[in-house]
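Here chain A shows up in two complexes: once beside chain B, once beside chain C.
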Partner chain A sequence: MVRFSYFPGCSLHSTAREFDESIRAISKVLDIELREIDDWCCCGATPAHALDPEAATILGLWNLSHAARGGDEPVLTGCASCFSRLRAVREEMDAAPSHLDGARARLGLAEDPRVDVIHLAQLLARPDIVEKIKESLRRPLTGLKVACYYGCLLTRPRGERAVDDTEDPRILENLVQMVGAEAVDWPLRLDCCGASMAMPRPDLVHELSGKILMKAHERGAQAMVVACPLCHSNLDFQQAAILRERGADFKLPVLYLSQLVGLALGIPAAELGIQRHFVPVPVDQLIPAGEENRV
Partner chain B sequence: MSRIGVFVCHCGENIGRTVDCMRVAESAKALPGVVHSCDYKYMCSDPGQNMIRQAIREQHLDGVVVAACSPAMHEPTFRRATSGEGLNPFRCEMVNVREHCSWVHEDREEATRKASDLVRMMCEKVKRNEDLFPIKVKMTRRALVIGGGIAGIQAALDLANSGIPVVMVEREPSIGGHMSQLSETFPTLDCSQCILTPRMVEVAQHPLITLHTYSEVEGMLGYIGNFKVTVRKKARSVDITKCTGCGICQQKCPQKKLPSSFDAGLGKRTAIYIPFPQAVPNKPVIDRANCTYYKNGKCAVCKKFCGPDAIVFDQEDEIITEEVGAVVLAIGYQLYKIGEPEAGLRGYPEYGGGKLADVIDGLQFERLASASGPTGGEIRRPSDGKIPKTVVFLQCIGSRDKSKGMEYCSKICCMYTAKHALLYKHKVHDGQATVFYMDVRASGKGYDEFVRRAVEEDEVLYLRGRVSRMYEDAGQIVVSGVDTLSSRPMEIRADLVVLATAIRPQPDARKLAQHFGVGYDHDGFYSEAHPKLRPVEAAAAGIFLAGACQGPKDIPEAVAQASAAASKVQVLFSKEILEREPIVARVNEATCAGCFACKEVCAYGAVEVFEIRDRQGRLLRKVARVNEGVCNGCGTCQATCPSKSLELSGYTDEQVFAQIAALQP
Partner chain C sequence: MSGPTAALRASVAGVTGQNPFRCYQCGNCSAGCPMAGHGDLLPHQVFRLLQLDSEEPLRAIQPWLCVGCQTCAVRCPQELDLSLVMDYLRAEALRRGTAPPGAKRMLHFNKIFLERILANGRLNEVELGIMLNLVNGRPLENAMVVPSLMTRGKFKLPFGKKVRGPGAAVAKGGKP
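On to the complex of A and B.
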């Protein structure tokens, strides 16, 4: 049993419920105990850190200090954006920028909550968890061609403790291969999906995410795997509209990495929230039948 | 009682503006042992020097203290003046009241007090100075040049033409270096081969040059004037005294598909090969790793066809020793590889990590553009041999990028990229050449004009910005980047991409430097003794630097530096006997305990083990001895010696402690 403080973040409690559900589902199979951080708040993503670095640090410190209060286990996140923010604040504790003191004072903290922050992809690449996944494979995704899409935040902040190399990450590809699927070779896996521009500039998102979807399809992908709710929203929720504009008539299911692993572990699709996607995921057409692994 | 003269220089206003020189001279008069003290506007000038000489003569001085600029600037001047009056020059010392006082302080009062303190300290030292005499070392007046590229060739020819015998060692089967691979050279566009190959022939035919190609330096012993260098002459498997260079072996060799390193991997060669038709010597070598005969004992086709029977399969490496008095290191550079970077550097997976066939480097483009290249000078891309209609050139690949591990500017890329783009436009008139740059550094003679010509006459499109990603798509390379002047993202579908990759030191540059006691910077480029005043000398005596091994350089600079290195060797060899400054360590053998801690710390290998024996030859004990020819007078041994048995002449403990004691009020 490995234990983590779990930081779901806003998306995983709302638009990306299926990410949360699938993380919890695979955790049960893989013997991972998640303790949701008590009274967590916004991670400090886009609006805060774009406008007010101190505010972003305060939010991050709030969450990490609440995590630390519950125990010194590392904080686990699924959302790439939450990960990036919390990790950035964790690194600020070493770099000690001037606003950190102010942020600590505002929260009345005597010292920095030096808990580690890791992303789900890192956890699933840990040797012990890899062993566990291999043991628990019930429905290997044999023959499924997957486009791994990293987006921008998963590999940031960069540096020695990054999830993976910023320019040439392999962590998702390795995961895809581990569960028996095939990672397609395609060039746009690190490009921007348009992120939160979906609100003010949907045309931008249509162009950027459109390129990504078209290229993945062109290179033979039958599904795409992502680690970010915002990427998922742009590539899944917006997909029909984007492809209609481009006159393309395919559908590319977009899965969270936890859903991909969950399917391979034999967890029923409904328990992984797969029915919640806008682009339907024809699981039984995509992957061969296997043993069910109901927890 | 000492009779010291103190001379305080104003250095025009340089010192006088901040230091009250008159007061410094006045205060020195009161120091014990000082019998004369004065100040003057320019002490280094003729009247200034005469003041010193006159004082020595009239006051019978036995010590001279000149408070002026840096000893690196004028110590020889004042010591010459001193010895001119028959006083041992090492009884003259300088106090640096310019760099150490007036240039670094603002408060006149404090600067003046500090200058007086420094003068007082130096007077205490000079009281304890002794007569020292230059060390005389015999010399082998013969030079070794390592590297047969343009820098090595230039240095060797300059030396040989002035009558100095030269040994040249080149690792490759032919001399010529990278310059022999180039098509045309900026900014005049003369053909590289046409200006280089006659020089190569001159080297081979020069009666004073001994040429060892396909050879590597393996070790070095000795010191300035007296080096013994071990050279491994690798087995060519060809007896070059018999070989006529007819080339039939190459024609008949069945192993024809090996990548030619001369063609930067774009052309093919055979297992027995002459690297290029103009090679010097024009004799083949067998690449044993890829030769069928060496792999399975069969074939030997070359031997069958060789008329003069020059193929010697069982030839062995030969180790020879060359005795020389000076060494010129001219080992050149290599290009950074984006796919397989050296340890400590990062590659460019975002540019395909070296796996995209139509993303090439500058040397590969040179081979494509060269009349002697694999395409006969036509620009054809490697993947399918098509003539590219859109070519994108990227500058600063690796260079000036801390995150890739190289902070320095590779210096030549702005110019060769402009040249590449221009050559491409001259060969493919309807083609589009685009250059992504950070800023264009074209500061040589005729250089900026050349870049402007590429832009204005040949319509090369220069975009300021970086490329973030490159990938292959439908037979083209998609280059996505940004034009930072118009703040627009750019996406160009290119047929060919040329990367101006960073200049790197040779892979074994560090190892060679260690053989010769030469320093190098953290990138591995060799360090000069002084970045401004001694740019072609290594800190180790008798070792000189030429070309890109010291830092990125273009041809004119490499040639200039090579000629400078050659002239430094000529200066060294201009005397029969080598005189060295006597600032060397001396061992008191009576107290030396033979622990050899000094030998451990000596960076120059100057400490030797000396065996003291009685008349019957029985070993009594071992003590340290300093080879005066090798010692650089750094003083590390002196600081290390636990029994205080080592003293640096001119900087003895007694002298240094007296200086420090003089500082106390």
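On to the complex of A and C.
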């Protein structure tokens, strides 16, 4: 049993609740104990640092201090944006602790909450968890061609807590292969989907996410795997409108990495929230039947 | 060197730790930027204009299009993080009232987002969308997404759980 302080983040409690559901479901099978942080608040995402970097630091420090109050386990997040924000504040503690003086004082903290921060993709690549996944496979995703999409913040910046190489990461491809699927070779794995421009400038998201969807399809992907709720929203929720504009008539299911693993563990699709997607995921057409692993 | 223009370059360097003079205009940032070509400046031109003591970056739309993806930062051979400079330029344009009209949608988005999370602790994405529509004077834009989110269990009324976040601590500083 490994234990973590769990930081779901706002999206995982609303538009990306299937990401949360699937993380919890695979955790049960993989003997991972998640303790949700009491009273966690929004990480601030892009708008906080874009408008008020000091506020962004306070939000990050607040969350890490609430995590530390519950125990010294590392903080686990599924959202690439939450990970990026929490990681930035955590790394500032080592690199330039004096930059946090103001935020620490405003929160009345005597010292920095030096809990570690990790992303789900890193956890699923840990040797002990890899072993556990391999021995728990009940429905290998044999024959499924998957485009791994990293987006921006999962692999950036470089540093001690970096998920993988910034230019040629393999962590998602390794995961895809581990669960029996095939990772397609394609060039737009790290190109931005348009991120938070979805609300203020949807035209830009249509342009950027459109290129990503078209290329993945062109390279033969039957599904895409992501590690960020905003990427998911742009590529799944917006997909029908984006492809209509481009006169394309395919549908590319977009799965969270935890859903991909969950399916291979034999967890029923409904327990992984797969029915909540906008682009339907025809699970039984995409992967061979296997043994069920109810959680 | 004196005057407001030199002060801009100095304050960029001072506040963000990114000295524009270290940029030698290789253009790596512009090659990788997802927003290059969608605005009025290429990313490396922002550094060049700062070197030349131009205040054009404060009137440009480009900083407002930056999504903070950090592609520029990880590829810069001089290890400059342009996304931090973009954050600073937006804030400075707001202080000086030089933000271009096209910045309004991004500004509204950022302001409402931050205001809601400081008030409620957490963000409700649908509430954010509704408030953004009201501010932009298009109350029914994308209204049809609400039922489709509800049928998928992705949005419930009333708007999410409220938690006591650090809103008060942020307000102590009298920030925006």
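Here are some notes:
Everything that follows uses one rule, which is that the second predicted complex is superposed on the first by the 291 of 295 C-alpha atoms of A that agree within 3 Å, B and C clash if a C-alpha of one lies under 4 Å from a C-alpha of the other, contacts with A are read in each partner's own complex, and residues count from 1 in each chain.
The rule we apply is simple: a residue touches a chain if its C-beta (ideal position, glycine included) is under 8 Å from a C-beta of that chain, and two chains touch if they have at least 3 such contacts.
All of these numbers come straight from a predicted model, not from anything done at the bench.
When both complexes are overlaid on chain A, chain B and chain C end up clashing with each other.
In the superposed pair of complexes, A:165 makes contact with chain B only, with no contact to chain C. In the superposition on chain A, A:109 contacts neither chain B nor chain C. Of the two partner chains placed around the shared chain by superposition, chain B is the only one that A:187 touches, whereas chain C remains out of contact.
Of the two partner chains placed by superposition, only chain C is touched by A:46; chain B is not.
Set against each other, chain B and chain C differ in how many residues of chain A they touch, and the higher count belongs to C. Of the two partner chains placed by the overlay, neither chain B nor chain C lies in contact with A:248.
With chain A used to align the two structures, chain B clashes with chain C at 20-28, while the other stretches in 2-10, 20-28 or 110-118 stay clear.
The contact surfaces that chain B and chain C form on chain A in the two complexes overlap at residues 167, 190-191. Across the interface of their complex, chain A is touched by residues 34-35, 38, 65-71, 73-74, 81, 87, 90-91, 105-106, 108-111, 113-114, 117-118, 121-126, 128-129, 132, 145, 148-149, 152-155, 160-161, 163-166, 169-170, 172-173, 175-176 of chain C.
Listing the residues of chain A that touch chain C in their complex gives 10-11, 13-17, 39-42, 44-55, 58-59, 62, 102, 106-107, 152-153, 156-158, 166-167, 190-192, 194-197, 199-201, 204, 207-208, 237, 275-278. Taken together, the chain A residues at the contact with chain B in this complex read 165, 167-168, 187-188, 190-191. Taken together, the chain B residues at the contact with chain A in this complex read 348-350, 353, 469, 471-473, 478.
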